[in-house]
Amino acid sequence: MPLLEVIHVSKTFGGLRALDGVNLSVERGETFGLIGPNGAGKTTLFNVISGFLQADEGQVRFHGHDLVGLRPHQICRRGVARTFQLVQPFSDMTVLDNVAAACLFGRHRIASIQGARERARHLLELVRLDAKASVPAGSLTLSERKRLEIVRALATGPDLLLLDEVMAGLTPAEGQEMGATIRHMQAEFHLTLLIIEHNVRLVTGLSHRMAVLNHGSMIAEGEPTEVVRHPEVIKAYLGERRSRGA
Amino acid sequence: MRAKWFVLPALLLVAVALALGPTREASTQAKAPDTIRIGATLAVTGPFSPEWGPPMLKFMTEWTKVVNEEGGIFLKEFNAKVPIELVIYDDESKPPKSVELYEKLNAADKVHVFLGPSTSPITMAASTVAEKLSIPMMACEANDTALFTRDLKWFAGVLELGYPWSETYFDMIGALNKRGATKYSSVTIISSDRPHTLDVGRGADDFARRAGLKVVFHEKVPFGTTDYSALIAKIKPLDPDIVFLSLWPPEMIAFVKQAEELKLKPRDLYSRFLGAGFITGVSPRLAEGVTGATYNAKKWFAGTRAEKVAKRLGVDPYDVAWLAIKYNCMEALLTALQDAGTLDRAKVMATIRAYNKAKPIKAVYGPLFFSWNVQVGDKQANGFGTQKPIVMQVQGGKLQVIWPEAAADAKYKATPRPY
Amino acid sequence: MRVWIGWALLLLVLVGLALVPMVLTRDLVTALFFTFIFLTLAANYDVLGGFLRHINLGQGAFFGLAAYATAVVLTRAPWSPKLGALAVWVAVGVAIPLTAIFAALVAYPLFQVRGPYFAVITFGLVLILQQIVLNTSRLSGGSYGVTIPARYYPSLPTAYYAGLALAIGAVLINSFIARSRLGIAFHALRDSEEAAAAIGIDPFRHKQTAMVIASVPSAAAGCIFALFMGHLYMETVLGTDVTLLPVIIAMVGGSGHVLGPVLGAVIVRGLDIGLVYAALPVPNLALYGLMLVGIGLFLPGGIVHVLTRKGR
Amino acid sequence: MTLGGVYALIAFTLSVALATTHVLNVAHGTLMVLGAALATLLTRFMGLSLPLSVLGVAGCFALMGLLFDAVFVRPILHKSRETILITSIVATFGLALAMETLLGFYWARWVDPEPSFSLSLPAPHIEVRGIVLSTQRLLIFAYAVVAIGVFHLVLKHTPVGKAARALAQDYEGALIVGVNPRAVSRAIYTLGVSFTAISGAFYVLTVPLDPYQGIWLTLVALIVVVIGGVGSLPGALLGGLLLGMIQALTVFFVGSGWSPIMFLLVLFLILVFRPQGLLGGRR
């Protein structure tokens, strides 16, 4: 049984069909990359999985149980964590408490604040933010915020981690580093990853399998190297480029 | 949170406590005090002040001077005339504030007796202070029935309850109809949802019927209603002879103006309050012929301190609608002090309670005494007075008392609405 | 060391406040009693206003509801007169849970909205209660109000100590929240509701909890206020003063800081009381208003934040 | 119903200011009362004609708007959104208290012992097939339409107006693009304060005001803003008309006592089911 199954999910905004019968399944322990041009519906799919949006039709199954109808915090407690494309740190709180909050309220629900902070400190070391533990999260750089976003999601104790463009806006060096961190995390915590990325090259290097979304529909799925050579995919990306130029 | 931030409020409070603490002192009283101190609060500012505020303050202050020019009042206990001192604070139209201030009048200003504040809500709060401290309070412009049904021992007011407010007016209408001067038969009553205006409206309903009129429409409107167009549209087809408005000044002015817009033309328009503010508010043209309530009659004032004070301040007593209430209230308190002949609070209160129909205070408008143990609805009312409004009309842009005939400056003039 | 000095001073203040009815004159005791009532409301306001940054104009609703519930039980319940002095406790025992349940229920519609909309919808709640009071005259007396029988009135010292206890309680609740996991959840929600939900914090349940916590001391304050004033008018217990003053006190002192409402109450009420003593020829309210202008402009974000240099 | 137009206008000026500068002006209603007071003073006690006194009010309050902007808005404009909101609430609440108290106190001392601001316009009625139309109401309505039109044109077609709309839509974004919030706030407050004051003058043609009604008017305006959606002109218009209409219909068909309840119910329903206001775009 796959860890996550998305079965024929559709979502419409006004007249726009953002998701059109999307099917997807992610196996335990794998890294699954989801790519597609801007506006393809990637983030909408994340929002549906994590409960921020309700699908018009279709099912989302996690560990074989239906997630539809659950609210975000409930989904988090079942073991699905996510990051936001536009990072949303708790900017007035310290970096440490950002992560401690996730330990307190996530899946493991550590009872004491002290215990949560200890665990948070340990996790911050992992992404090399331990030096910044006591500064307000609002004062971090973009790259640091992205790392905080990931480690905060990780601190909720998920089985499945949804990463929404965590490498966007980073320098190539920072991107490489981020990739290494992600790999390291996956190994240490036995995570299953679903990654949205606009940058095809980075995600190809990370993923075991990949899928391509365009105009709300899945147009290709398979081995990363195969997928990027798929004619529909090339057309989708080129088409996008052409329309941008116009 | 650092501990030092506890220090600041702490120091402030301690400083306040130290500065204000040692104001308590034992007082032993043997000889006549320098002054008789009378304490009061007044809605000088805040929402009630447009009716009660600064002009009343001026009037009260000037009145004190006039009393003292006559040497003050004679107290038998000291066998001497003692000047009076009026200590007035601004209660900002807030009941809790007046509670603080009446406590201050007692604690800091050491007043001998209390004069009531303005309006029922504030009087309601203030009267509990009088009761707790056992200080006589003479209430002025407050006639909410609830004030008098609490079995207070230290509280009396000069006004009659709100219910018979319109008695004089409907007496007049009844008399005029009998004489054939008018042929009014239908009344519409609008009352604002406040205790006083509701009482007046309820009373009007009964007194109108007693005068042989038919109440064709009676509606309670939310307090503060300013758009009456829909209501007027509803009244217009009924074409009542009399529109009786038991409303507050801004509501009243809005109604009268909108009645013109929608051409509602009652033969008589009665306003619960009439004063300079009303005439300028609706414009003299629309005010012409409007009848309404007042406590003032120049005929009554002739030769009194009120006339003297008004002359000195250069005000027409008719312009300040409720001036006579305050005046009668202050005078009643002085009379009670004089009759008691002492500043002993229990004796003063006993004197106030002893006035009755046979032995009243001679107020300008007639006998004033306080009623005790009167059944009102399911409750016993105590301590309300006898002062009741009389009827006024705007004639030639001026206010004239028209009823009762003994106090009247002019006769009722049926005036068609000017539109 | 300095911490100890702080605690010692705190103790001194508390002892001082406990001695007040024996030392100060009745008017000041009364003024302090009202200060405690408003401080309680301001501290409660800050649970939502400070910790969750929801400007709540409806704090007065809980105050007024409890005040009315107390008065209605004492005057309308047929068994009240038989209970003697116990009736007061029964009335309070009805009023406070009733208010807490009310707070839990109204949380459902109120928290549908955020930002300025929340301020308006909570103000709307007060307006609705006003209308309910005015239109249920048999129960509430309508605009005539209700009179509580004099035998239930507390003495001034009793009222004072009850007010003091409430104010201390309300401030302690805030300081407890600030240190607890609830505080962390509130803080997270105020910074980003989405992110908070994504790490497992239930936004609605926490906001509802905040509202219920904040309603209890306010309800108790309403009960004492009702008993102290003896007669309830809609405008006195559900009016603009009760609605706006706590907000202003919290904001002047510094919203979101445990000591903010305390400082705010000392300053705002200090001005109010002090101006009467100053006996100036200009109306006090005008000067009071101008001083608020000064405080607002020169100490932006509240006095605590300026003092702790955390002003944002 | 015609008063709906005035409600809409005062609501809209409040809402534009709130959306572009994050300043919540609690003294908004008090400025309206002040405008009514000045107009009353000019016509009733100085004998000016209505148009002249409206001009006078416009002039005085344009200056007042500049002053307001300089004292209450500029010094805090660079602060965070939340600080601006809190600072402005405290400061303008103080301003409202001070203004209304001074106005009430000194008006009663110097001008009229019972302060009430109201203007009258002895004008003929227009009767169309038995329906009486009041010229005063027509005038008020015409004013509201014209003023809203002027606002609309200013916002749509002048550089300052475009900048204001940009600020209202995306504050941070607009700042990055180089919009100068100071110039916008000056324009918005000069225009907004003078229109608010003139609205006061027109309002008292049918409904009198007393010095202490200002804060209440602000709250009413805020409710209208919320019904319509912050920053939305048609929203404010719809909110204002809805307010007037619900009141009129309930009074006529149900009874006066029910009109506030009906109105509040509508407010609640709108907020719960359409939290961004009837015509508000974003939450």
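Just so it is clear, A, B, C and D label the chains in written order, and each chain counts residues from 1 on its own.
Heads up, the rule we're going with is that a residue touches a chain if its C-beta (ideal position, glycine included) is under 8 Å from a C-beta of that chain, and two chains touch if they have at least 3 such contacts.
Everything numeric in this text was worked out from a predicted model, so none of it was measured.
Novice: Would you kindly count the fewest steps from chain A to chain D, each step being a jump to a chain that touches the current one?
Specialist: 2
Novice: Going by CA means, which chain is nearest the middle of everything shown?
Specialist: C
Novice: Name the chain whose C-alpha centroid is most distant from the C-alpha centroid of chain B.
Specialist: When every chain centre is compared against chain B, the largest gap points to A.
Novice: Averaged over CA atoms, how far is the centre of chain A from the centre of chain B? Could you give it in whole Å?
Specialist: 73
Novice: Return the distance between the CA-based centres of chain A and chain C, expressed in whole Å.
Specialist: Spacing between the chain centres: roughly 43 Å.
Novice: How big is the gap, in whole Å, between where the Cα atoms of chain C centre and where those of chain D centre?
Specialist: 30
Novice: Go ahead and note the Å separation of the Cα centroids belonging to chain B and chain D.
Specialist: 35
Novice: Quick check on chain B: which residues sit in contact with 2+ other chains?
Specialist: 44-46, 193, 222
Novice: Where in chain D do residues touch at least two different other chains?
Specialist: Only 101, 105, 216, 257, 260 qualify.
Novice: So which bits of chain A are touching at least two other chains?
Specialist: Residues of chain A never touch two or more of the other chains.
Novice: Mapping chain-to-chain touches, which pattern fits: line, ring, star, complete or other?
Specialist: other
Novice: If we use the touch criterion from the header, which chain pairs count as touching?
Specialist: Touch list across chains, by label: A-C, B-C, B-D, C-D.
Novice: Which residues of chain C touch chain D once you look at their complex with the stated criterion?
Specialist: 53, 55, 109, 112-117, 119-121, 123-124, 127-128, 131, 134-135, 240, 244, 247-248, 251-252, 255, 282-283, 285-297, 300-302, 311-312
Novice: Enumerate the contact residues on chain A facing chain C in the complex.
Specialist: Chain A reaches chain C through residues 50, 52, 71-74, 76-77, 81-82, 84, 88-93, 97-98, 100-102, 104-107, 109, 113, 116, 152-153, 155-156.
Novice: What does chain D use to touch chain B in their complex?
Specialist: Spelled out, the residues of chain D in touch with chain B are 1, 3, 44, 101, 104-105, 108-109, 112-116, 118, 120, 122, 125, 132, 134, 136-137, 205-213, 216, 244, 247-249, 251-252, 255-257, 259-260.
Novice: Please output the residues of chain C touching chain A within their complex, sorted ascending.
Specialist: 179-181, 184-185, 187-188, 190-192, 194-203
Novice: Which part of chain D faces chain C closely enough to touch in the complex?
Specialist: Per the stated touch rule, the residues are 18, 24, 71-72, 75-76, 79-80, 82-83, 85-99, 101-102, 105, 215-216, 219, 222-223, 225-226, 230, 257, 260-261, 264, 267-268, 271-272, 275-277, 283.
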